[in-house]
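What follows is a pair of complexes built around chain A, which joins chain B in one and chain C in the other.
Let's turn to the complex of A and B:
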């Protein structure tokens, strides 16, 4: 049946959890493109046949006309599926730019196709430059804090770092009070956890 | 109008609907045809995906018939007890397909069926989402259409968010994309 492969591609995206990406399915993607080329060949041969049959036959409702129509519709459908696949993945990638800054962890990066990697890089660079122009970090928590400091536990060895108000040794399992703004991106990267008091 | 990139809309249009060809069509290898010309004779009954059937119907090349998920039996079951009909098995995009197909087949009763089904089931979905224990839901979820599953999840997550808000607790969490595969700790 026409358009089967394309809808498989869309289904694959739909079955992955929202906000998560599965590996870019290059194989299936190029199979759909091939299918489109096949449709185009059929379409062209039918159009040629219609032209040969004479001008009076071109607009009438004959069998060739409907054959060509079906191929045309299949191409349009395949295009929609491919576009939706790429577009929706791009949305997820854009969202990644807000939650994890700049560097993608390996296990996510290997799922992206090359253009998608570039897209992520450029998008997060744009975000960064916009934020530095504004001199404002737009990715911080939207709810105003009750206390500027929070208690955190370090989950993975980070080492000595310079924070906005102190030098800190972020050794594994250390429990300390940090400025919320300092701690936030460590938490979102999974290097710390917040301890509720 | 739905979004061009809408995943659910695309999948809903992939549902098969029965159709009858009114015109001969050349050069389509859709079906395991008997000769090489790949010709479809007028009068052949086939199942076409909705996206194809709709366009061909508008150009009067095929006639779309009412799909089996809106047959008499299903309607009777919905009238009897809509909340426990296995709609997912019949068509995972029951409402979307019904909405799209009704103007094509000119069946005015489909709208009524959809409304009754949705109204009864909506209540049931919300009640279950707020009360049922997690283990008990699997069987219930297998009856729901895609849209109802989304509703169910939305209701459940809002219930969870409410509980979390009442208890208080850490605001910050690890970005959920990072959660799945942890690198092995050496």
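Let's turn to the complex of A and C:
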């Protein structure tokens, strides 16, 4: 049936967890594209036939006309589905650009298609350049602050660093009080976790 | 009273009302309202350029104060109160800018081709929007459009026979928002067609209305979104 594969593609995205990406379905995606080209061939041959027959041939004219329209609509529908698939995935990728910086974790990266990887790079560069133009880091302070300091546990060895108010040795498993703005970077990279008191 | 002569003439009337209106016009309060409006409105609003500018200056001032205090050994509690205030203002400002960027990300194509919306953005936001559409366009091109037949290659139209751009996501202006009137506005026609009866908008009352119908009131600041 025409258009079935495209709708499968969209359904696949719709049924995945919100905010999560499944692997880019290359197979199905290229099948839909192939279908589009098939439609185009039919469409062109019908249009050609209509031209050859001329406007006089009433009997076959309607049939050909509607046939051509069918193929046209199928292409348009497939296109909408493909675009929706790509667009909605891109929205998830945009969101990733806010939460993780620059480097994509491997398990996410392998789910992206090549254009999507480029998109992530370009888009996070876009975000970065906006922030550096304003000289303001927008990736911190994602939740309203209750207390300027939060209690965190260090998950990975980070070592000695200079924070905005102190020198700290961020050894693994250490539990410390840090400024929220300092800690958020490490938390979003998964190097620290916040301990709720 | 040390205030100038102009203000002095009305000083006899200072009461709680004036105090409240004074409080509600501090930059912190204005920023909070701008942030709320921006969060609640489905479409992008005008960039509060001078407010953002003033807030940033105040933030800088506050940072300097805190630094000075902690250097001079002022009581730690006082410093941490200042710090908390600073953190909150920073959060508001960041969240305000962030919300706008997220709207731009979402509706970049639409904003870029609609000049009324385009003019609401700040210069850096415009740059951001242009780069957004470029990035997105490139993604579409590489993944889908380059592989489609010639007459279907546009990312704005479904095919060349579409008369208008029919593939651009736009904000839903029909969605409902919760709003509060700042003062009595009288009978207000919610519906252009005149089918619905006008609604009396009272001061300080809450309403759930379609964003589209109160859009001009939000823009002129007569109604706050919450």
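Note that in this section the second predicted complex is superposed on the first by the 187 of 197 C-alpha atoms of A that agree within 3 Å, B and C clash if a C-alpha of one lies under 4 Å from a C-alpha of the other, contacts with A are read in each partner's own complex, and residues count from 1 in each chain.
The rule is simple: a contact is a pair of C-beta atoms (placed from the backbone, for glycine too) under 8 Å apart; a residue touches a chain by one contact, two chains touch by 3 or more.
All figures in this text were calculated on a predicted structure; none of them were measured in a lab.
By the document's definition of touching, both partners, chain B and chain C, reach A:83. Within the superposed three-chain model, A:31 lies out of touch with both chain B and chain C [touch as defined at top].
When the shared chain is aligned, chain B comes close enough to touch A:193, but chain C does not. In the overlay built on the shared chain, the residue A:19 is in contact with chain B alone; chain C does not reach it. Applying the stated contact rule after C-alpha superposition, one finds that A:10 touches chain B and leaves chain C untouched. Of the two partner chains placed by the overlay, only chain C lies in contact with A:130; chain B stays clear of it. After overlaying the two complexes on the shared chain, residue contacts for A:69 are found with chain B alone; chain C is out of touch.
Of the two partner chains placed around the shared chain by superposition, chain B and chain C are both touched by A:141. On chain A, the surface patch touched by chain B in one complex and by chain C in the other comprises residues 80, 83, 87, 141. Residues of chain C touching chain A in their complex: 56, 80, 83-84, 87-88, 90-91, 93-95, 97-98, 101-102, 105-106, 124-125, 127-128, 131-132, 134-136, 138-140, 142-144, 147-149, 152, 155, 158-159, 167, 169.
The residues of chain A lying in touch with chain C in their complex are 29, 33, 36-37, 40, 72, 75-76, 79-80, 82-83, 86-87, 90-91, 94, 98, 113-116, 118-119, 122-123, 126-127, 129-130, 133-134, 136-138, 140-141, 144-145, 147-148, 180-181.
Against chain A, the residues of chain B that register as touching in their complex are 4-8, 10-11, 14, 23-28, 30, 39, 49, 51-52, 55-56, 59, 61, 168-181, 183.
Considering their complex, residues 1-3, 7, 10-11, 13-14, 19-21, 42, 45-46, 61-64, 66-71, 73-74, 77, 80-81, 83-84, 87-88, 96, 99-100, 105, 107-108, 141, 143, 150, 183-184, 187-190, 193-196 of chain A touch chain B.
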